[in-house]
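Shared between the two complexes below is subunit A, which has subunit B as its partner in the first and subunit C in the second.
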Partner chain A sequence: MSFDTIFFIFTWLPCCLLLYYVLPKRWKLGYLLVVSYLFYAWGNLYRALFLLFLTGLHIQTVKLLDNLSGKSRMVLFVEVLVFDVFALCFFKYYGTILNELFARELLQVNAQLPNAPLGISFYMFSLIGYLIDSYRGQLPAKKNSFQAALYIAFFPKLLMGPICRYQQFVQQLEDLSFQPRLFDTGASRFIIGLAQKVVLANTFARLFQQLQATPLTMLGAWGMTLAFALQLYFDFQGYSQMAIGLSNLLGFTMPENFHYPYLACSIKDFWNRWHITLSHWFRDYVYFPLGGSRVSWQRHILNLMIVWALTGLWHGANLTFLVWGCYYGVLLILEKYIWYPLQQKLPKGCNWAITLCLIMIGWVFFYSSSLSQACQILGSMFGSANVASPLVVSVLGQYAGFLLIGIVCATPLMEALDFLLNMYLNRWYYLLRLAVMFGLLLICIAFLVGNTYQSFLYFAF
Partner chain B sequence: MKHHHYGTGILFCCLLMLSLLVQLIMPDVLFSKEENRRLATLPQPTLRSAADGSYAKQLEVYHADQFLNRYRWMKLQTRILLAMGQTKLQDITITKEGLLQEVAPLSNDVNGRQSADSINAFQEAHADLQLSFLMVPNAIGIYKERLHTPAVMDQEQLFYQFYELLDDRIQTLDTFQLLTDHKEEELFYRSDHHWTTLAASYAASMYLQQKLDYQVVVSNTHFQGTLAHQLAYDQFEDHLSLFLMQNDPDYVVDYGSEGKKTTTVYDMEKQMDSDAYAVYFGGNHPLIHISTTSQEDKRLLVFKDSYANCFLPFLLPYYSEITILDPRYYYEDINQLILDSQISDVLFLYNMNTFFSDHSLYELLSASVE
Partner chain C sequence: MGYEYGIRSRIIGEHMKKVIQIGLPLLIILALAFPFFLTKKDVPIAQLQERITRYTQELQPQSSQRIESSYQLHLSNAESFIAYGPISYMNVEEITIFRQQDQTKRKELYQKAWKHIEQQKKSFEGYGITQMELLKKARVVEAGNYIFCVVGEHADEILTALKEE
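Up next, the complex of A and B:
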């Protein structure tokens, strides 16, 4: 089930909220657990059973870790950790591995294996984080299995994050009473996130597809990359906003996942703004255990390359994702050891422009299906093809309005406008804000319904 | 200290609860006049469908279909996109003169070579029959200068390239040049993907090599066709006219396994429907057989899509029997049909959007020559 569907918003969500706030407090935890599993089982019962199995395994392991010590404790921890990593790698990469084996004729039988369970990349990180925190003794002494199960399966964050920590989540379970301010905030965030996803992200996806279909030119390559950059940002940010909004509606807070990443003035700054919970997870569970930066410079470089190679691989099994991850690893190393003095001397605007250019180059690897395609596109971006074509100019012209809105919404301009209006309009501000939210919701509904049009039915000829 | 206002939360909550109430109270709508299709009804769950996810999908489609004022929301989306400067929505370009649709060709047969080979093989297998191929370009091919961005497929180039692939024994009709010569006239509906009966009359005259004598009767002056409904865009209205041949013989139309027989090719009940083009034959059918009192001893088999529906009435005076077959819905043995109906002539009539994006003709002909 996806958040941006008619069924979820107008049937599932009202039923879920109504029952949640009607039930006595002592039943809320169990109710959320049931609802979360129902959400995940929707469309595929087996993946919910798999999640249940993994959750049970980790809860039991944590209980055992509390009662063990010394080598046996470490062995148990390593065994379960290896199993987690194996399960994640198996589901994410078996398709790519099989294709390689078929291509090299090392495998004759075309085995039909199950699809990767939706959201496994996210909830597996929650499970691994829970396991590692337990091993480190960072979890509260008193543990509740239901609370742990809900932490893993909580449906607003289950499929695409944000990746939050066990302690942050479980603390909130002590008070599940209705919080009107949080509810109001959640409604706003959900509407804004929905608009970012169904209006902006889907529009930029269409622009990207249209430009992809045109012969490569410099303008087309840059336009395509800009379209993809905006599509990916609004898709992911939109979903994160909806996830945070849904959590707020249920009385929970979630960590932020994005903070205007395209305003970053360095690559390090970019990764403090883009998919924040993921980079913090890799920092806390991979980078710091490897020694972080408190090692020799050679070891530090190795640590960075390991973390960023893993970050790339986490995003996908294709070689382009690995190159994308390593690309950022190299940039961060260069920033740390070579460019830093120069960055300090350059004006902020200059640093911003260079950083944005580097980010765009990185996205080319991200969306290309192969390294050769990425090189071809990069070549066009930097002059190997014609500058522009009437077709590309025409396509970009049609999307000029949306591009302008997208660029504005990717900056804090709307937030600044909101602040100024709040300061100068006083009580009229709330009416205006309500009108804007209502209008935005109506637009979202129009796009949601319009996107459910079944085109094949019109081919009735 | 400023007070926090809870307007958005209250509004959101009220809207959600209201939508739930509406869903519980309002009965299901079974058919959408505007979209011209049946809408999904509440699916019945089974253990299997619940486990494999099909019930979940059906339920989501049901909710989308039954959403209150669905067509109005589609209209709103179209208006917003147009206001933002978009002129191409889905596969349809909106121009001042009308709506132009381009359907992407099948990726595994972009130039129609497989279809051409199957038609040539059919000619080989039925060398005693006179085969004709009448491909009709779409509005997007004739009026490409109206497009804001070039079409993905150049219909003119594709048209002539495809004709080159056909066997020399197959008579091909240059409808591209024919329609281009008449392009200042109303050859295509502005709101529908079909050609007009006027355009069909020119093509019929070329096919029959005769000047046609007919009377024009306007059937519907507020016709809004498939493209208008697809986009929920009601700025264009068309006139749908019937061209009644003066030398029409008497005839009987047999709709085969549907068990219906009529003495007219027009279904007048459909003329004011949202799909008024269905006035011709009531829409599409797998097999239609027309027996006429014409003195011509020629029996025609037509493989067609819906473009043929307004074309075929012009042929009635010139054939004693016309068998009309739509490969998308027909699954029987066409060789037996040819024998039983004593076919002497075969006509293939397709519009380019359908022909290059649908493989049912190729599959039917390939099965017949195996």
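Up next, the complex of A and C:
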């Protein structure tokens, strides 16, 4: 089940919310747990059983860790952690490795492994974080198995994040009463997220596909990359908004995942704005344990490369993802050790333009299916092909309006407009906001009904 | 601190620890060995051709050039193919099967097949209601070493027949 379907918006969600707020407080936790598993099991029971198994394993392990000490505690922790990493790697990479060996005739088996359970990359990080925090003694002393199970399976964040921490989530379970402001915010965020996904992301996906089908030119390559950059941003930001909105509707708050990443003035700044919860997770559970930056410069460089290689690999088994991750590792190293003095001297606009260019180059590796294709596209972007073709100009012309809207929506302009209207319209602001949200919802429904279903990009990870 | 254990709970805890310590490595070994017990049935393309014969009565075989043009691909990316398409350009029914053992190339063929469907939809958007209905129900499926692209009233039935092979 996906958030951007008519069934979810008009059947599942209203029923879920209605029952949630009608039930007495002591039943809400259990209800959310049941609903979350039902959501996940919808269409595939096995993945829900797998999640149940992993959750049970971790809850039991945390119980044991609380009562063990010394070497046996460490051994148990390492064992379960290794199993977690193995489970993730098994579904994401094992099939690819075996098929690669089969294709090179080093192996006689042509493996068709089961598909990776949807959301495994995200909920596995929640599980690993929960385990590590428990080992470090950072979890609240009083634990509840149902609360832990809900933290893992909470359906708004289960499939694509945001990746939140156990401590942040559980303290909200103390008060599950109806909060009108949060509910109002949640509804708005959900609709805005839906619009970002259904109207903008899907449109840019079509633009990307159309440009991909044209012969490669410089304008086409840049247009394709811009379309992908906007598609990926609105797809993922849209989902995050919907997830945060749904959480708000249920009385929870979730961490933000994006903060206008295409306004970043440095690569470091970009990663403080893009998929924030993922980069914080890698920072807290990989980068800091490796020593972070409080080591020799050689070790620091190694730490950065390890973290970014893992970040790239997290996205998929393709070599292009690894190269994409390492590309950012190298850029961050260069920024810290070489470019930083120059960056301080350049005007902000200049830094922004250079950063945006570097980000676009990075996306080429992200969407290419092979390194040779990536090199071909990069070559076209920097002059190895014709400048433009009438077909590319025509395609871009058709989508010019959407491109402009997309670029505006990727900046804080809409938020600034909202702030100004709130300041000057006073009581009329809420009526206007209601009308705008209603209109946006109608537009989303029209797009949902009219278009082919396009799944969330990050479902693939 | 943490969970308070009585004696019974402590014994259960010890058992659980053993289950985890023995069970997890066992699961890892089983998972690693799993593909070696799971051989993918490699079906010759001729066998699939026989399976779809009764669905191709109202279609005609498509040439390589036609496939390359409508799918925007080079047929060198596929090891072999079967393609049946409509007799008239106003119809959209088709059954196309690509065989490719290489997973990366198979993925590309899969994407090309979907793009072909999207392109067809653009062509009939606004005036071909029946064609649009069929295109919305179009199926592109990866199964084993094959990519199946099926457009037609009996798309699901055809796919079931192919997958059974």
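In this section, the second predicted complex is superposed on the first by the 450 of 461 C-alpha atoms of A that agree within 3 Å, B and C clash if a C-alpha of one lies under 4 Å from a C-alpha of the other, contacts with A are read in each partner's own complex, and residues count from 1 in each chain.
Assume a contact is a pair of C-beta atoms (placed from the backbone, for glycine too) under 8 Å apart; a residue touches a chain by one contact, two chains touch by 3 or more.
Just so it is clear, the model here is predicted, and its values are computed rather than measured.
Clashing of subunit B with subunit C is the outcome of superposition onto subunit A. With both structures placed on the common chain, the touch criterion links A:Asn386 to neither subunit B nor subunit C.
By the touch criterion defined above, A:Phe7 reaches subunit B but does not reach subunit C.
Contacts of A:Lys63 after superposition: subunit C is touched, whereas subunit B is not reached. By the touch criterion stated above, A:Asn144 is placed in contact with neither subunit B nor subunit C. Contact comparison for subunit A: of subunit B and subunit C, B touches the greater number of residues.
Contact with neither subunit B nor subunit C is seen for A:Gln376 once the two complexes are overlaid on the shared chain. Looking at the shared chain after the overlay, A:Ala213 reaches both subunit B and subunit C.
Of the two partner chains, subunit B is the only one that A:Phe183 touches; subunit C does not reach it.
In the superposition on chain A, A:Leu45 makes contact with subunit B only, while subunit C stays out of contact range.
The residues of subunit A shared by its contacts with subunit B and with subunit C are 213, 452. By the touch criterion given at the top, residues 2, 4-13, 15-17, 19-20, 23, 35-37, 50-53, 56-57, 59-61, 63-65, 67, 70, 73-74, 76-78, 80, 84-88, 90-91, 103, 148-150, 152, 193, 226, 229-230, 232, 275, 283-284, 305-307, 328, 354 of subunit B touch subunit A in their complex. Within the complex formed with subunit C, the residues of subunit A that make contact are 57, 60-61, 63-64, 66-68, 72, 75-76, 79-80, 82-83, 86, 90, 94-96, 98-100, 103, 109-113, 141, 143, 206, 209, 212-213, 369-370, 452. Residue ranges of subunit A in contact with subunit B, taken from their complex: 1, 5-7, 9-11, 13-15, 17-18, 42-46, 180-181, 183-188, 190-191, 213, 390-391, 394-395, 397-402, 422, 430-431, 433-434, 437-438, 441-443, 445-455, 457-461. Of all the residues in subunit C, the ones that touch subunit A in their complex are 1-3, 5, 10, 13, 16-17, 20-21, 24-25, 27-28, 31-32, 34-36, 38-40, 42, 72, 101-104, 107-108, 115, 118-119, 121, 136, 144-145.
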